[in-house]
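Structures are listed in the sections that come next.
Both complexes below contain chain A, partnered by chain B and then by chain C.
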Partner chain A sequence: MASEIALSRPRHVMRAASDTPAWRRPWALVAWAVLALLAFWVATGTTPVAFVHLWKWSPALLRGLLANIEISVLAMALGTLAGLVVGALSLSPLRVLRVVTRWYVQVFRNAPVLVLIYFTTYVFPFELHLVSWTFPFPDWIKVVLGLALPASANVAEIFRGAIQSIPSAQWEAAQSLAFRRSEIFRLIVLPQCLRRMLPPWMNLYASITMSTALASLVGVHDVVDTAQIASNTVARTDFTILVYFTLLGLFFAYCYPIARATRALERRHDRH
Partner chain B sequence: MSDALLAQAVAALRTVGLNYAFVLDMGERSAFLRGLGVTLQLCLLTIPCSLAAGVLIAAALTSGRAWLAKPARAFVEVTRNTPTLVQLYCAFLVLNMLITQHVKLPGGNPLTPFVWVVIVVSLHKGVFHAEALRAGIEAVPRVTLEAARSLGFSQRQLLSRVELPLALRFALPSLVNNLVDLVKMTAVASAIAVGDVTYESIMIWTQRDNVLELLLLILIFFGLLTWLVSLAGRWLEERLRMPGYGQ
Partner chain C sequence: MALGGVHLRFGANEVLKGIDLEVRRGEAVSIIGPSGSGKSTILRCITGLLRPQSGSIRVGDTQVEALRSEAELIALRKRVGFVFQQYNLFPHLTVLENLVIAPTRVAGRDRAETLREARVLLDKVRLSHKEAAYPGELSGGQQQRVAIARALAMRPELILFDEVTSALDPETVGEVLTVIRDLVQEGLTCVLVTHEMRFAEEISDQVYFTEAGVIVEHGPARDIFGQPRSERTRAFLHRALGDGPRNAPARPAPVPETLPFERLRFAL
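Here is the complex of A and B:
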């Protein structure tokens, strides 16, 4: 494993270096141009009013984005745990378990995410009563649950697909080498599966992160909600344009690197 | 007669703890049915629009002209990596506001929220269709094209008789997958107060507190729609199957 990483690294670096002129330079130029414009505005005191407002609101927007990221990470963690269990059950020799997990996956993959978020938000109570204590059940946790449901169904499918993509000849070969069933799974099948699962899992994470924007519709103070408050408070046409396109830019800045990394991983796997 | 049957059904469901009393209310029942109709309309309009957008974007991506391909690629990347809801807000709250301010038509702004949902969802899913079609076009073997060229096909015939039919067949499974996603995506229409099934349900459950019952109905409805789309997709795959290609 270690030697493989050591071997693959120079190739990777070489490819990145040959890509640099085509990819990095336009971005670097744009960044320099933006910096120069900002410096000019600050130096001459001619910053447009909309940008001054955006600067004032930027801490609130970033805090909102942090809420989105927290929700997406928690939902993905929960979804992955539940999805692995469901995925493992869907491979069980018991027919009942296979049918039940099949239904679970079908229902939660085919339901609109927005409807699932409404479902968890309105069906669960505002507070939890446990024996004699009362816990508040905040909306953002309900959104985490609402996103974890489709995430778990998708992870289950990814897991099942990865396990089934390992040729059965490997199981037989390992059995003939006197590996136990648990050893075959742990030492031979799982390492290959993890590798195959990573790109679709990252895709799923990006898609769940984008779905966190829906949290604003059930009253969670996320970045979309903050942008709406900002645009209503400032109430200027140019600021409204600016803040909504900033919103687009923030999500793009978070999700695009994930998409690039996913594609790079897929390309690397293609070669192996 | 049918009202009596409905009342019986509601009473029967009440015994298992589900409160569907709203279907006995004339106004709420018609609002819910209208919502179902609007969602259906959204799907039926958005599916052809998204396919048309997908073909155009795929044509731009594979045109080989940098001034066309580069902006198309940028559009694809931005659309794929931002939430649909934010795109809808950018379109409806920003572009629509600008159009309302600057275009002085006698009837006011002709673009309703419904139209914006159709535009945004069509373009969003069009991007995914375009990626599927591009992959399909790239999957057509070079040798096949060379063989067709040596048989005297013109450039246009080559495209319409050989390359596109094969590309469509390669892309069909992912196109159907995208359309299933599209049907689910129309639920965001409720965010800008288009009276689709989700929106009408919210209106009903704020009055009656019967969230679970309505959500079950919505899930069944969307399940039905996505099932129909995948059924149509499978039928099309079956029909278009060519011996020697695919399974």
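Here is the complex of A and C:
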């Protein structure tokens, strides 16, 4: 009985989602309602004061969000590169490499992200001296490094898990066809791994993006910092509530499509 | 190809206790025997996937147990094909790509020529219409036929079939056996580990019966199946052929244990 319910409910939901045309789906309906409300306010000139302020501050908020996105993209790029290297080394036949990489992964996966960000902010110098040039070491790069560390540890785990999930029978079959070990890796195992890695990798990206909000605590002018400045400047309670709701909405608008795309990829994956 | 006095141990478990086997060019040799008697292990030793503790394995001019480097093993595996029980096709490649990837990457053959040969092989296994399909879209029998074609694509001197029909349902077993029969009639040198006794009797030149890691008896097919010399061979054949593989139960049905319902305590 329970299994019937469990089986029938997702089918019912999926049928509903694919049957209704795009303009009638929930998010589209909400968007229509919001647009209608905005049009009404603009036409009649009765926009609440808080929303007027929000409209004035929205360019600044969006520029702050751009800073968050920049940090997250760069942190994920660095983390992925480093993580792939660490993940590959963790499967090395040399025991020393395996132990070192295992410690790396365990340390940075089990450390609070805020602590890592503080760590990189205060460990790295304020500016770099190279021969006679002085380069400023901006705060946001320190945050990028601080986020790249847990990102790389997680990517290493994702990579190692994907490789070990390839059945050993694939290795045997490739060996029996006279492939070299490096060729098996490159032609048989890695292509299968990349598909398996994509959903958890995208999950990791969404979580790193949400962690970029911590950058505001170390002085980076990101969207959270901008929201704080805005709420202090306007000094209205209703505006403060509104601006923090907007923050939630902005992060949701960025991260939710990623989650949806991940689920769509997973479903397409299950066919193979 | 010849094996002499091969011993192999997995830890404390001795799997092969002195195997002597000989296959002449153009011969089809079947290895039959109960499960766990070391048949698949013998095949894996021939192609270097497993390394025996002692004994000699000769494939053509190559002494397999003396091979050390990867390059030497690769040179051997280009000449010995292997077809697995679980097909083991590459799921991220189409059927045609599965056939073509090894000859082009490993043997470095021209791609156009390899594609042509692959299509001929697919036609031989009667799967030309599936050349653009992915392994996940094929049935078990079709996948196994593709696996045989993939092993043939490397133009090996010797092919090893490791219980290739054991994972298939009875209808599809026939289509795979037809392919193997055609190949044997064309003169392919092969070693077949199989539970299909009637098929083994029909196509084999030599039959080896193994039990518990030793070769109990070997000889021409009609001798082994017609007048087996050893009592163990007779007993095995009687079990395998007399009851028929379809009637013999795979394992005894588990006896359901009754729970002392009155004395159970439930957490609420």
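The rule is simple: the second predicted complex is superposed on the first by the 249 of 272 C-alpha atoms of A that agree within 3 Å, B and C clash if a C-alpha of one lies under 4 Å from a C-alpha of the other, contacts with A are read in each partner's own complex, and residues count from 1 in each chain.
Note that a residue touches a chain if its C-beta (ideal position, glycine included) is under 8 Å from a C-beta of that chain, and two chains touch if they have at least 3 such contacts.
Values in this document were obtained by computation on a predicted structure and should not be read as measured data.
In the three-chain model built by superposing on chain A, chain B and chain C fit together without any clash. By the touch criterion defined above, A:Val107 lies against chain B but remains apart from chain C after alignment on the C-alpha atoms of chain A. Of the two partner chains, neither chain B nor chain C is touched by A:Phe185.
In the superposed model, A:Val123 makes contact with chain B only, not with chain C. Contacts of A:Trp41 after superposition: neither chain B nor chain C is touched. Of the two partner chains, neither chain B nor chain C is touched by A:Phe51. Using the contact criterion defined above for the overlaid structures, shared-chain residue A:Ser176 touches chain C, although it does not reach chain B.
Counting the residues of chain A that each partner touches, chain B and chain C differ, and the larger count belongs to B. Taking the two complexes aligned on chain A, the least Cα distance separating chain B from chain C is 6 Å.
No residue of chain A is contacted both by chain B in one complex and by chain C in the other.
Against chain A, in their complex, chain B makes its touches with residues 77-78, 80-87, 89-90, 93-94, 97-98, 101, 180, 184-188, 190-191, 198, 202, 205, 211-212, 215, 218-219, 222-223, 226-227. Considering their complex, residues 169-170, 172-181, 183, 187-188, 191-192, 195, 271-272 of chain A touch chain C. If you check the complex, the residues on chain C that touch chain A are 47, 49, 70, 74-75, 77-78, 80-82, 84, 86, 88-92, 101-102, 105-107, 134, 136, 150-151, 154. Note for the complex: chain A touches chain B at residues 107, 110-115, 118-119, 122-123, 206, 210-214, 216-217, 224, 228, 231, 237, 240-241, 244-245, 247-248, 251-252, 255-256, 259.
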